[in-house]
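Notes to accompany the following structure.
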Amino acid sequence: MSKPTEVLKTAADPAGRESSPETPFVHPIRVRWGDCDPAAIAYTPNIPAWAVEAIEAWWEHHAGVDWYHTNIDRNLGMPFVHMTLDLRAPVTPRHMLQCEVVLARRGRSSVTHRVQGYQNEILCFEGSFTAVFTDAKEMTPRLPPADLLSALEKAESCSGANT
Amino acid sequence: MSKPTEVLKTAADPAGRESSPETPFVHPIRVRWGDCDPAAIAYTPNIPAWAVEAIEAWWEHHAGVDWYHTNIDRNLGMPFVHMTLDLRAPVTPRHMLQCEVVLARRGRSSVTHRVQGYQNEILCFEGSFTAVFTDAKEMTPRLPPADLLSALEKAESCSGANT
Amino acid sequence: MSKPTEVLKTAADPAGRESSPETPFVHPIRVRWGDCDPAAIAYTPNIPAWAVEAIEAWWEHHAGVDWYHTNIDRNLGMPFVHMTLDLRAPVTPRHMLQCEVVLARRGRSSVTHRVQGYQNEILCFEGSFTAVFTDAKEMTPRLPPADLLSALEKAESCSGANT
Amino acid sequence: MSKPTEVLKTAADPAGRESSPETPFVHPIRVRWGDCDPAAIAYTPNIPAWAVEAIEAWWEHHAGVDWYHTNIDRNLGMPFVHMTLDLRAPVTPRHMLQCEVVLARRGRSSVTHRVQGYQNEILCFEGSFTAVFTDAKEMTPRLPPADLLSALEKAESCSGANT
């Protein structure tokens, strides 16, 4: 019941990429017909939704947890408090959407990820997303638990090498 | 906190329609650009989503409750167990989508609604949706509470007059 | 076929509000059960989607056009190029979500709206959304047509009075 | 531009499954936090949406085409005209959702797929989905093109072996 990691491990790495500590984490998304509007490009609100999905996948990769597990099994929420997004090129179903996620900033009880979405090596969007750690039931701020803190520290040292 | 009815009353009747007991309940939906796919018609999976939304609006109209209230405040779930849907004409943003909802069948612990979606007086889809009453936390079947049972009985006598 | 305004007029003003030039435009949204995640609050990516919906409603109110009409009937696109969003309080189905939209900045071929979402008079989110005018088929920049330019100029003088 | 197959091949088989002609096609879906409602199970309208996604994946697997390609590059639409769905067990993020898709019936200008969704080897839903082949622009019925017809015939002989 409380082991989402094992069961879903294959899902966290669907395209068989190899994310080593030296390379940024990439979450591939299959853009579909129904994601597009009559302009035949992805409807804008899908973009922040995909970026948020990529950040959840980042957590799965780096800490072995998803939000269902943290919220329900561990009473740990990570609500977003800020996002900013630049949309640089249309997203379509012609290519996979490769979402590169890096840890941009770690605060005491907050975390900021930078997400860049590429299709066919063209940067389609980039954004910054800040979430805070909360007691899920009380919706009050808290510090991250030890295992997530450790994952953040490891990711921080890696992303430091990439910036 | 537990009075969604008053606060949201205007929302339940956005088009100023007058649903008397003699007329079927109609829930209007504004179809938007982002609801359409590159064929410039509503993407199919939006249709069952709208039908389900119309059924929730039916509950608001007939019993003064929404699913957030029943589930969270009253531990009453109404999960769907069956749906069938015929798609007869494309749905677009050109006209309001008028979703007519009638109580089709009332079982001891289940309820079936029929939903018909019209645009510009053309029938676009029609479907049947069966839900069961459950203890929300335990996810076990139960009978509907008295106020909902009463609302169902009233609606039943009305829809009987219409069929 | 090309007159979405008349047909949908009632939809543009579902709560019966009266938006005079002196008051900001408000687009009410009914938050539902299915919009919420297991934390029982609206799932974050719904927020930018609602803000974008509110901006489309602003266009309907101020210029009598929606994006389906501008794109398909008039080959005029308005893709977003930038958004920034602060999430200040959880959004739930307990109250209507009142989205206040004002024209924040008008460029030669771009437009920035500020959207503030309130529930029960509490500010839940606020954000800024910039779109550009394009030839919808070519996806190249263009100036807005005369009627939209005129609507923007009128809205600008009004929002000036509000800031 | 018109070769979605090569570019996206890895996406069509994210879990590394091996779908031989003798085994049904399975499309895995990662259910997420945001797919669930406050009852902590997938919100019902996601189910038909996932079934439809699985059918598009079936087409990718069996005929090397997706709907963006067929509609936009080949003017071939496949709108759904009928669906029926039984919901047997809640869907959650605890396990991958394995969507098994088989060709249930091939008409002259229509096709019916049966979709069964499993989590942890428990049948969560099963449904039947009928689509028709159309001229995408005219929205008039047509016969399927040769390559899709051939793919359907092959799939038919395989699924026959399974039923």
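Note that the chains are named A, B, C and D in the order they appear, and that numbering of residues resets to 1 at the start of each chain.
In this text, a contact is a pair of C-beta atoms (placed from the backbone, for glycine too) under 8 Å apart; a residue touches a chain by one contact, two chains touch by 3 or more.
Quick caveat, the model's predicted, so the values are computed rather than measured.
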Contact-richer chain pair (by C-beta pairs counted) among A-C and A-D: A-D
Chain whose average C-alpha position is farthest from subunit C's own: D
CA centroid of subunit C to CA centroid of subunit D, Å: 35
Approximate Å spacing (C-alpha centroids) for the pair subunit A, subunit D: 27
Sites on subunit A at which at least two other chains make contact: 33-34, 36, 38-40, 44-45, 49, 52, 68, 71-72
List of subunit B residues in touch with subunit A within their complex: 33-34, 36-40, 43-45
Parts of subunit C lying in touch with subunit A, wherever the complex brings them together: 38-39, 41, 44-45, 48-49, 52, 68, 71-72, 77, 79-88, 90, 136, 139
Touch list for subunit B against partner subunit C, complex: 1, 4, 7-8, 10-11, 14-16, 28, 30, 32-34, 36, 40, 49, 52-53, 56, 66-69, 71-72, 92-96, 120
